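Before anything else, here is the set of structures, which you'll find just below.
In what comes next, chain A is part of two complexes: it sits with chain B in the first one and with chain C in the second one.
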Partner chain A sequence: MERISVHQFITLGAAVLMGTTFLPVASIVTGVGGRDGWMSVLPGFALGIPYSLMILSLLEQYPSNNLLQISETLFGKLIGKLIGSFYILVAGYLGGLLLGQVGDIYQASIMPLTPLGVFYLGGIILVLLLIQSGIEVFARFSEVIFPLIVIALFLNIVLSIPRIEQGELLPILSEGFKPILVGAFKVMPFPLTYIIFLAGVIAFLPTGEKELKQLKSGVWRVVFMVGILDMLIVIIQILVFGPTETVRLVYGLLVLGKMVEISRTIAGVESVFLGVWFGAAVLKIGSLFFATNWGLEYVFGLKGIKWRLSLCVVFLGIAFRYVRGPSLILEIGLVDEYLIMPFVAIWIPALWGVAHWKKGVGIGRKETRSGGKG
Partner chain B sequence: MGSWMKMIKELTIRPKGERKIRKSPSYSFDEDLNKPLSGETVKEILSKSSDVVFREFLLQGKERIPCMLVVVDGLVDKNLLDQFVLKPLMVDLVGHPELAQVTLANVIDKTMESLIPGIEVKKISKMGDAVDSILSGDSVIFFGSLTEAIVVGARGWANRGVNEPIAESVVKGPHEGFAETLRVNTSLLRRKIKHPSLRIISLKLGDMSNTDLVVTYIEKIASPDIVSEVLLRLSKIKMDSVIDVGYIEEMIEDNPYSPFPQVAYTERPDVLAGKLLEGKVGIMLDGTPITLVVPAILTQFLSVNEDYYQRAMTAILSRFVRYVGSFVAVVAPSVYIAVTTFHQEIIPTDLLMSISAGRQGVPFPALLEALTMTVVLEILQEAGLRLPKPIGQTIGIVGALIIGDAAVNAGLVSPLMVIIIGLTAVASYAIPYYDLSLAVRMMRFPLMILAGILGFFGVAMGLYAIAIHLLSLRSFGVPYTSPVAPLRIRAFLQDTFVRAPWWALKRRPQLMDVEEPRTNGKG
Partner chain C sequence: MNTKLKRSYKIAPVLLCISLLFISGCWGKREVENLAPLIGIGFDLGEKPGTYLVTQQYARPKKGGSSGAEILQRTLGAEASSVREAFETVSKGAYRTPFMGSLKVIVIGEDFAKAGGFNDVLDFAQRFAEFRRSMYLVLARGRAEDILNLKLRSEHLSAIYINYIIEGGNELSTFPTVRLGHYLTVLGRQSTAPILPVVKSIKPGEGINYKAEKSGEAEELQIQGAGVLRGDRLVDFLNDDETKGYMWLENEVFNRFINTVDLEETTVKFSGQVLKSKTKYKLHTNNESKELYYQIKTSIAIDEIIGLNKQLSGTEWVKLAKEAEESFAKVIEKECEGAIKKQRELGQDFLGIGRHIEQRDPQYWKTIKDQWEEEIANFPVSLDVKVTVHHTGMSSSSATNSGGEGQD
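What follows is the complex of A and B.
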C-alpha cells in the first residue's frame, strides 16, 4: 500500500487547505467584518485543528483505515454506506464546481475568447494524470507546487506594498467583536473542505507513535501557515483597495497582480500568477477527486480507470452546468455552508465520540481489525 | 546459473518471491559443448576461423607429450607467450630435473606449479570454458588426450589508451578517461578507491557476443536492495549481442517510454568513484568507455564532477547558471509565443512597440515562426554532429549567421525570434548530460504548440504535465525527483541546487532510507 511521509502530509495538507482560498477569502471576510475582516481568518481556519486532531486520534485507534471504513465499523453497514454516499456526492459536486471555477477565472481575466471547455479539459486531464499516478505522486506534486504558491503570493504581496494607502485598517474593532466572529464562521467551510480530504487520506499516513505525534504537530503548522498567509492576503487587499473595493472585487488578488510593475520592465504579472493558481486549483480539485474515488472504492467497490473516467465526465458535467461567475460563486458558497459544514461538523465529532465510547467499553478495536480494510 | 543465483540471494535482504533467473550466458553451440574437453574437438569447432592459431609442440618429459596451444591472433601478447610459455616448455626446461618427472598423468599440475611462470594460470575441464577463454583472448594449452586443459592469461591487443573524454572535459580535475578495455577501466577505478569493500563482479552478456561486463559498488555503502535489483535486471537480459551500454540501458531502466534518462553514464573514473562513494552502482562493459551509473536522479544530470573540484561558491554559481539555462531551454520559445500571441499586457509598452515593429511584415503567426526556426535549429545541430569536425563547425556558422540573417532580411522571421531561438540553443548547451538535453529538446515542441493554442494556460498545463511525469518516475526504486520531492532536507540543502563546502558535507546523499556518514571508514 502506498504511504506518504509526515513532511508530505504537511505540504499536501497545506496545499489542499490553501487550495484556491486565497482568491475569494478577502472578499468574503471583508464583506462581513469590514476593515476588521482580516482578524476573522485565523480563528476561522483554527477550527480545522480540533477536527484534524479528532481524525488523527481515530487513525491511532484504527490504523490504515479511512473514515468511511471506520464509519461502517462503528455505525453499521447501512448508516456507513449512507454517510459514504453523502461524502461522495459532496466531494464530487464541489470538485466539479471548482473545475468550473478554473474556466470561469481564466475566461474572465486573461483569455476571454477561448472556449470554457478547453480550460475544463486541461484541468481534468491533469487531475486524471495525478489520480492515475497515485497518492504518493500527488503528495510529491504538492511538495513542488506549494512552495511555488507561497512564493507567488509573497511576491504579489510584497510588490503591492508601494500601493498601500495608510490608515485603511483603522480604526481597529470599531464594530466590536461580533463581525469578526461572523467572518470566522464564513471562513469555516475552508478547513472543513480540507477535512473531507483528510478523512480519506489518513489511510495512507504512517501510524507509528513518533509519526503520530509529528502528524499532530503538523496539523497545527498547516493551519497556522495557511491561516497567516490568507490573513496577509486580506490585509494587503484592504490596505490597497480599501474595504468597499475589497468586497466588490471577488478575485482581488488577480487585480493586484495586474497592477504590479517592476522597474517599467515587467508589468501585469496576472497571467503568470494565474499559472501558479492553476497548480493550486489542480491540487484542490485533485484532492476532491481522490476523495470521491475513495468513496466509490470503499462504499460501492467501484475501482479502476473505467470509474475514474466516468468521474471525469461527471466533473466536466458539473463544471458545464454552472457556466459563469456569480451563479458559480453562489453555488460554491451554498455547498460550503449548507452541505459541507453541517456534514463534517456532525460526522467527525459523532464518529470520534462513538469510537472513544467503544474504546472505553473495549469493543472498538477488535471489530475493526477483524473487519479488515474493506 | 549458480553464480547469478548465489549473488542475488546473498544480496537480497527481503525475500523476492519466485523469480526466474536465466542461465549464465555462454557459448551456444550446445551439441559441441556437451562433448568432453579435448584439443581435437576444440580444433573442430574453431578451425574454420582463420584468426585462431593452433600451435602444436612436444613436451620432453618422462614421456613425450603432444601439446597444443590455442590462441586468437590479435587478442594475445605474442611476446609474452613466446617468452613465458613456449620457450620454457620447449627450450629452457629441456633436460631440467623438474621436467624430467612429467608424465601425462601429472602434466597439468606440474605445469601450473613449476613450469609456467605466469600469474593468471588456471585449470579447466569444460568445453564451454575453453572456447569462451580462447575467444576472450586467453591462451589454452591442451595436453595429449587429457580432458582437462590450462588457461594462461596473456591478453594483449591494440587499444586506444587512456585519454581525456571529449564529452566530459574539465578545466580543473583529472584528465583521464575510460578506454574500451574493461580491465583497464577497472584498474583506473581501483586506483581511485583502494579499499577492500569495493566490489567488482564479473558477468557475461550476449549469447553470441559473450561480452564481459562488470557490476561495481561499495559494499556497506550501496543499498543491497539496489545491487540485487541491478543484478536481477541484468540477468533478465536475453540478447544475441551486447555491443554497447546503450543496449543495457534500455533493458534495465524503469520506464522505457519516458523521454527522460533514468540511467546516468560517465567516461571518467573520478566521476564513477564519486558516484560509488554516494552509494550508487556502476555497470562497465567491455568494448566501450562509457560506464552506466544507477540509480539516477534528475538533479544528478545537472551536476558535473567539476562542481566538487572547484570552491563551493564557484560551484554554486555554475550550478545556478545550469539550472537557469535548462529552464530557458525548455520554456523560452513557448513563453515568447504565449506573450506575443495572448498576453501582450505583460510587456511594457516601449518593448511591445519594438517587438511589434520587428514582426511587421512577417507572414506567419508566432507559433509557426518558432516551430520552423526550432526545426531548422534541430537540423543544423544534427548535421553539425554527424559531419567531420571542421565541416560541422562551418555548417553551424553558415546556419546560424547566414540562414538566420537571410530569413530576417527576407521578412520570413522576426529578429527577436532569431534571438530567442539562438538563446534557446545556447541555453540547451548548458545542460551537461546529452541525454537530458535531448529530452529537453523533445519537451520544447509540445510546449510551443500548447503556448500557441492556449497561451500561458497551455504552458502551465504542459509544465505541470511534465512535472507529474517526472514525479512519477523512479530509477531502481529511488524517486527520480529526490531529494526535492520527496524532500530529503539535508541532501536538498547541501548538494542539489547548491553545493555546500566539503567541510559541511558530512553525510552521503540519502538515496534510500539509510544515510551514512562520509567519514566513518566505510568508504
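What follows is the complex of A and C.
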C-alpha cells in the first residue's frame, strides 16, 4: 500500500485545507462581521484541530484504515454503508461544483470568450492524471504547487499595500464579539471539508509512534498556516476596499491582482495569480475526487479506471449543470454549510466517541479477566 | 513499475497533446494590432432623456513616428442608454476591438454630474473584467466631450495628459487623487461625501498665458479645485483654497508649494515647499460635548522671500524664520477653515469627520449617525497647526542694493 510522509501530509493537508478558500473567505466573514470580520478566520479554522486530532487518534487505534472502514467496524455494516454513501455524495457533489467554479472564475476574469467546457475538461483531465498516479504523486504535486500558491498570495498581499485606504480596519470590536463568532461559524465549513479528505487519506499515513506525534503537531501547523494566510487575505481586502466593497466583490482577491502595478510599468499580473490558483483548484478538486473514489472503493467495491472515468463524467455533469455563476456560488455555500458541516460535525465526534467507549470497555474486560485470574 | 502505471505514462502524453487544443489562445484570442487601447472615456448628458453621450478616446500608434511611443488620438462619441450600447455603436465604425484594460481616466461632464446617476455608468467600469479599479476619476468643468476632444499644444492625448497631471499630483498636493476603487470605497462609507478633482480647459490668459494656434480656443488643461458629491450627484465645487484645506485635513499633503503673499498682516512674504506633513486627529470631550481636534505638523523649506530690504544679523534671521513659520501656519489654518466652512454650508461630510468620529468613538457615533447630516453644520472642530522651517535655501538675507539706492 502507498504511504505518504509526514512532510507530504503537511503540505498536502495545507493545500487541501486552503484549496480555494482564499477567494470567498473575505466576502463571507466581512458580510457577517464587518470590519472585524478578519478576526473570525482563525477561530473558524481552529475547529479543524480537534477534528483532525480525533481522526489521528482513530488512526492510532485502527492503523491503515480509513474512516469509512472504521465506521463499518464500529457502527455495523448498514450504518457504515449509509455513512459511506452520504460521504460519496457530498464529496462528489462538492468536487463537481468546484470544477464548475474553475470555469466561472476564468470566464469572469481573464478569458471571457473561452467556452466553459474547456476549463472543465482541462481541470478534470489534470485531476484524473493525478488520481491515476496515486496519492503519493498527488502529495508530491502539492509539495511543488503549494509553495507557489503561498508565494503568489504573499505577493498579491504585499503588492496591494500601496492601495490601502486610511483607517479601514477601525473601529475595532465596535459591535462586540457576536459578529465574530457568527463569522467563525461561517468559516467552519472550510476545515470540515478538509476533514472529508483527511477521513480517507489517513489510511496512507505512517502509524509509528514518532510519526503519529509529528502528524499531530503537523495538524496544528497546517491549520494555523492556512488560517493566518486567509486572515491576511481578509485584512488586505478590508484595508483596500473597505468592508462594503469587500462584501460586494465576488472574487475580491482577483480584483486586488488587477490593481497591482509595479513602477507604473508592470500591471495586469492577475493572470499569473490565476495560473497559480488553478493549481490550488486542481488540488482541492483532486482531493474530493480521491475522497469520492475511496468511498466507491470501500463502500461499494467499485475499483478501476472505468469507475474513475465515470466519476469524471459525473463531475463534468455537475459542473455543466451550474453554468450560471451566481447559482453556482450559492450552491457551493449551501453544500458547505448545510451538508458537509452538519455531516462531519456529527460523524467524526460520534465515531471517535464510540471508538473510545469500545476501547474503554475492552480494557475494562481485560482488567476484569486478569483480575479474576489473579 | 506496475503495468497500470506504465499504461498511464503512455496515455499521459496523448492527453496532454489533446489538452493543447484547449489552451485559451484558441478562443477569444486577440492580436495586439487589432486592439484599440481605450485611454479615456467621458460621460455627458445625452440630448434624449435617459441617454448619455459616451466619448471614447483611443490611442493610435503613429506610423513612421520617431519612437514607438508616439501616438495619435481617435476620439469618438455615441449617445446611448448604456455604456455597452455606446461601445457597440462606436465599434460598428471601427475596425479594431476596444481594449478597456488600458483606460487611464474617466471624465464626468458637469451637467451629467449635476443631474446625478453616474454610478449607473460606472457600474460597467467596475463590473467588466477588463477594467482596472486603478483608473482615475475627474469631473469636467463644462462637457467631458470638450475636454477629451481638446487639441493640446503639447500634442498629448487629453486623457493621457490628465493622467500625467494626476500622477505628478503628489508634488503639488493641491487636488485629491481619486481612483475608481477609492471612490467606490468612499461610497461604501455612507457618512462620507465623495469628492472628485476638477479638470478644465484653459484659454490663453485664463490663469496661464500662452499663444494659441487658433485664437480664442483653449489648448491647455488644468486640474484645480474639486467637486463635492451627494451620492453620485454633484452638489457644489470647492475652490482652490478649500480643496487645499481638504488636502491638509485628509493628510494628503506630500510635497506642496505654499506662499504667504495674501497675508495682509505681514510685510515680508514667504514662499516655500512642504517637505513633509502629517495630520492627526483626536476626538476631545468637553463638558459632555465632543470636538474633533486636528493637529497638522509640517516641515517647510523657504524658497523665496519677498519684501526683505535689508541684510539681517544671525539673531534677526532666526526671528524671521520663526515669523515665517507663523505666517505659513496662518495660511494653512485659513485653507483648512475654508474647507470646514464649506462643509458646514453644504451639509455634506466630504472631510470624513463622521468617519473619524466612528473610528475614535464608535459608541458615540451610533448615537448621532442617523442625524449626522443635520449635525455636520454645528459639530465642533478645532485646529492646531505647527510649522517648522527646516532651512531657507542657499542664502540667508536677500540680495539688496548698496546703501540707499532704490531702497526705502
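Throughout what follows, the second predicted complex is superposed on the first by the 362 of 374 C-alpha atoms of A that agree within 3 Å, B and C clash if a C-alpha of one lies under 4 Å from a C-alpha of the other, contacts with A are read in each partner's own complex, and residues count from 1 in each chain.
What we mean here is this: a residue touches a chain if its C-beta (ideal position, glycine included) is under 8 Å from a C-beta of that chain, and two chains touch if they have at least 3 such contacts.
All of these numbers come straight from a predicted model, not from anything done at the bench.
Touch criterion met: A:Ile110 reaches chain B and chain C at once.
Of the two partner chains placed by superposition, only chain B is touched by A:Phe278; chain C is not. Of the two partner chains, both chain B and chain C are touched by A:Gly122.
Of the two partner chains, chain B is the only one that A:Ser5 touches; chain C does not reach it. When both complexes are overlaid on chain A, the residue A:Arg140 reaches chain B alone and has no touch with chain C.
Of the two partner chains placed by the overlay, neither chain B nor chain C lies in contact with A:Ser71. In the superposition on chain A, A:Pro243 makes contact with chain C only, while chain B stays out of contact range. Of the two partner chains, neither chain B nor chain C is touched by A:Ser27.
In the superposition on chain A, the residues of chain A touched by chain B in one structure and by chain C in the other are 110-111, 114, 118, 122, 125-126, 129, 133, 258, 264, 267-268. Chain C makes touch with chain A in their complex at residues 4-5, 8, 12, 15, 18-19, 22, 24, 26-28, 101, 129, 132-134, 167, 181-182, 184-185, 187-190, 251, 355, 358-363. Here chain A touches chain B in the complex through residues 5, 7-8, 11, 106, 110-111, 114, 118-119, 122, 125-126, 129-130, 133-134, 137, 139-141, 143-145, 258, 264-272, 274-276, 278-279, 282, going by the rule given at the top. Residue ranges of chain B in contact with chain A, taken from their complex: 342-343, 345-348, 350-351, 454-461, 464-465, 467-469, 471-472, 479, 481, 484-487.
Of all the residues in chain A, the ones that touch chain C in their complex are 108-115, 118, 121-122, 125-126, 129, 132-133, 163, 165-168, 170-171, 174, 240-245, 248, 255, 258-259, 261, 264, 267-268, 305.
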